[in-house]
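Both of the next two complexes hold chain A, though its partner changes from chain B to chain C.
Our next item is the complex of A and B:
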């Protein structure tokens, strides 16, 4: 099962729901990996939704592509990575009209970045639906060098840019679409606790 | 000249901070709407405000102190003068009639600092305004603000007829390409479905006008898939008359009778009890008051309390809501 119950945390930490079909002129669905399952569930709950839906999917090694295509959406695009899909996402949002509904599902990194693009297009973040599926890895920003490390699953971890040992915080930035990572051994360099998997 | 008594028995200042002003100009816009301009008595500058803000005007009408909220229609960056536009309401409780019939240039009054419950969402890529009748007033200031900041906006303004189209000339002269006016008596109506269809993403919708229009626009937007966060409306309720009722104020230890034509808030103020307020129109939530005890029926009329709060009868908004029954004790 691709669902995970996140423990309660600070207010800054995003909370995800379950995708619901809303009335709208058109529907934009952006998903990665197991996020496809949330779209498959949504399509099953709401007949006819796919007639004016546009699915943008990043498989990340999964094979949900065929099932999504079989939903017969108005438009379907599959990209090898989020950065590869980004220009298409930006173009779709730039051309969109009010009445568009936005559905995001999959990893926190994908949802956060796509939400950020929709916000930049002027769409209120509270109106964007999200459903977490699959990996619980996080997109982290090193607060020291500002470099982003994708898919962080161990805590602490080493910044791939500056090499500092970083502690994974729940403090989240919508503007950066990333959690904040803070040096864990600043006071006592080298004193780094052993890494454990998130939520383990 | 109407000069409020210097040490009036009015309660200590509640609501937003007050400014002593002189009526500096009265301009009749048409048979229903008149514009009133104010200058500060102390010669200082007014605060700046944001488009959509209102001021509460205090009027000493004989024995009655009236306090009515009006949207500011002057330029938000203009600090020498504040202006409001008031529609004469012959069926109303008398605030607008007082201004229309008794207020004169040179009168001294008190008005509140601006309070904005209908501000622009400055994240918007485009502002789409829909006004009905006197509902044009908040948009006048918002348009001046957006004009200065080169904002992207569009106004659809429905009026009864040419004669009653307040500010139509000014708007259509200065902003010919952004303003469309519809006259009811000429059979013109806003084609709302078509208007909402195809608005670019990031558009925010604002509606101000009669209740029916607000409901119509909000429903059409929801049906068309517009998120609530992109739809804004403002409707000031005027307190409605009702059967007199008795109230006990537990903290103050006072009993009072709310008259047929006064609001609960006004009755509390009449006794000199300090009660918070801002909008006096059921919108801002400032006057929310806890009910200690009640036996009877609440007549909730505000836009503030949630339906379940209204149902359980533990809170009341005294600016617009009333009570019918035997006992009402408030935590005031």
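Our next item is the complex of A and C:
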């Protein structure tokens, strides 16, 4: 089962739901890894949805691609990474007409970044559906150097940009699509507790 | 009165100091011998003569040095000042509010001459004499918010109001207590306060937001908040925490009186006329422990407040590790005698220290 029950958390972190087919002229679905399962479930619940759907999928090593293609969406694209898919996503959003429904599923990093692009294109974040599936890794911004470290699952961790030892702060920015990471050993350099997996 | 501006620093050699006048008018934040969060708002319509509450934007002896420190912070990290595109009008509102207030409240220091949209602004302490066209950004060296807040003490959050909420959509934040404008910009009131412990559960933010949403033009409000800072460091930003955090460990029983500072924020709230935005200046006042205990009542009270503060708050405010040492120092100034209600030092009536 790829669904994870997030513990009760602070007010800035996003709350994810379960994708529901909404009436619309067209449907844009962006997913990574196990997020594919949310789209497969959605398609099963709503016949005919795929006729007007565009699926953008980033497998991240999973093999859901074939099942998604078998849904026969109007358009299907598979990208090797989110950055690789980004210009396409921007183009699709720029061309979007009234009545487009947006569905995001998969990791928090994918949903956050895609939601951010949709917001830049003028969509209200509350009008964009999200469903978390798969890894609970977080996308982290180092508050010191501003560099983003993707898919952080261990806390504390080392910033891949500046090398500082960072802890995962439970504070989320929609604009950055990232949680905040803060130096853990500033007051006692070198004293870094052993890393533990998030939510463990 | 004329103000003698201090030539002082808030970094490196930390030559910052408070004159006797600055100590006398320090905004001691505790009106009783204990502390818990509350929506401690009151109208910001003046206050006792020469107090920090008297003027709309208090200008004190630290003005010139604080502006110098701000310029250094911005040179190192321009992201401390940001304004989302829809907030430019609010920036002009803020510029007008500050220029009008300062020129009326401190005519010897600031002058504003308006001929239609052609404005002439003179800031004597900083040696600025600029002509510009109101609402024309091309006539100022910075955007309007940045221009005026480079000349005004305190951090500034400019909040957009929509959907029955307030949005942190612009700000000049160089003296913050551990929060990042660059991270929080674009967040609503509940989101940017998310990391604050206990207060959500107490319903503090729901009540505070209701109050703020209804603030009207010409009826500003204010409250105090506080934390602790080692050394008179203004830039206690998370951005630079990996550089300044180590200073917290430099406190010893011997130097605590001069190194440990109480940091008090005077937060004020003004409705802006054209944009309907809310501006939220956060003015920081620093005082060393040794200067606090020069007021007998403040010494007694601070000891009791710090001693009895819930652990979550001492942790959130970042002084849990140094609390025992702080108490050791402060206990010498607490003889257990009763204190009078209210924040003022009451030097004429408070009994002298009995130890």
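Keep this in mind: the second predicted complex is superposed on the first by the 200 of 200 C-alpha atoms of A that agree within 3 Å, B and C clash if a C-alpha of one lies under 4 Å from a C-alpha of the other, contacts with A are read in each partner's own complex, and residues count from 1 in each chain.
The working rule: a residue touches a chain if its C-beta (ideal position, glycine included) is under 8 Å from a C-beta of that chain, and two chains touch if they have at least 3 such contacts.
Computed from a prediction, not measured in an experiment: that's the story for all the values here.
By the touch criterion defined above, A:129 lies against neither chain B nor chain C after alignment on the C-alpha atoms of chain A. Of the two partner chains, neither chain B nor chain C is touched by A:149.
Of the two partner chains placed around the shared chain by superposition, chain C is the only one that A:182 touches, whereas chain B remains out of contact. Of the two partner chains placed by the overlay, only chain C lies in contact with A:11; chain B stays clear of it.
In the superposed pair of complexes, A:173 makes contact with chain C only, with no contact to chain B.
In the superposed pair of complexes, A:107 makes contact with neither chain B nor chain C.
Contact with chain B, but none with chain C, is seen for A:24 once the two complexes are overlaid on the shared chain. Touching of chain A by both chain B and chain C, each in its own complex, is seen for no residue at all.
Residue ranges of chain C in contact with chain A, taken from their complex: 79, 180, 182-187, 190-195, 200, 238-246, 248-249, 321. Per the touch definition, chain A reaches chain B in the complex via residues 22-25, 93-94, 96-101, 121-124, 126-127.
Residues of chain A touching chain C in their complex: 10-13, 141, 143-144, 146, 164, 169-176, 180, 182-183, 186-189.
Those residues of chain B that touch chain A in the complex are listed here as 123-125, 196-203, 222-230.
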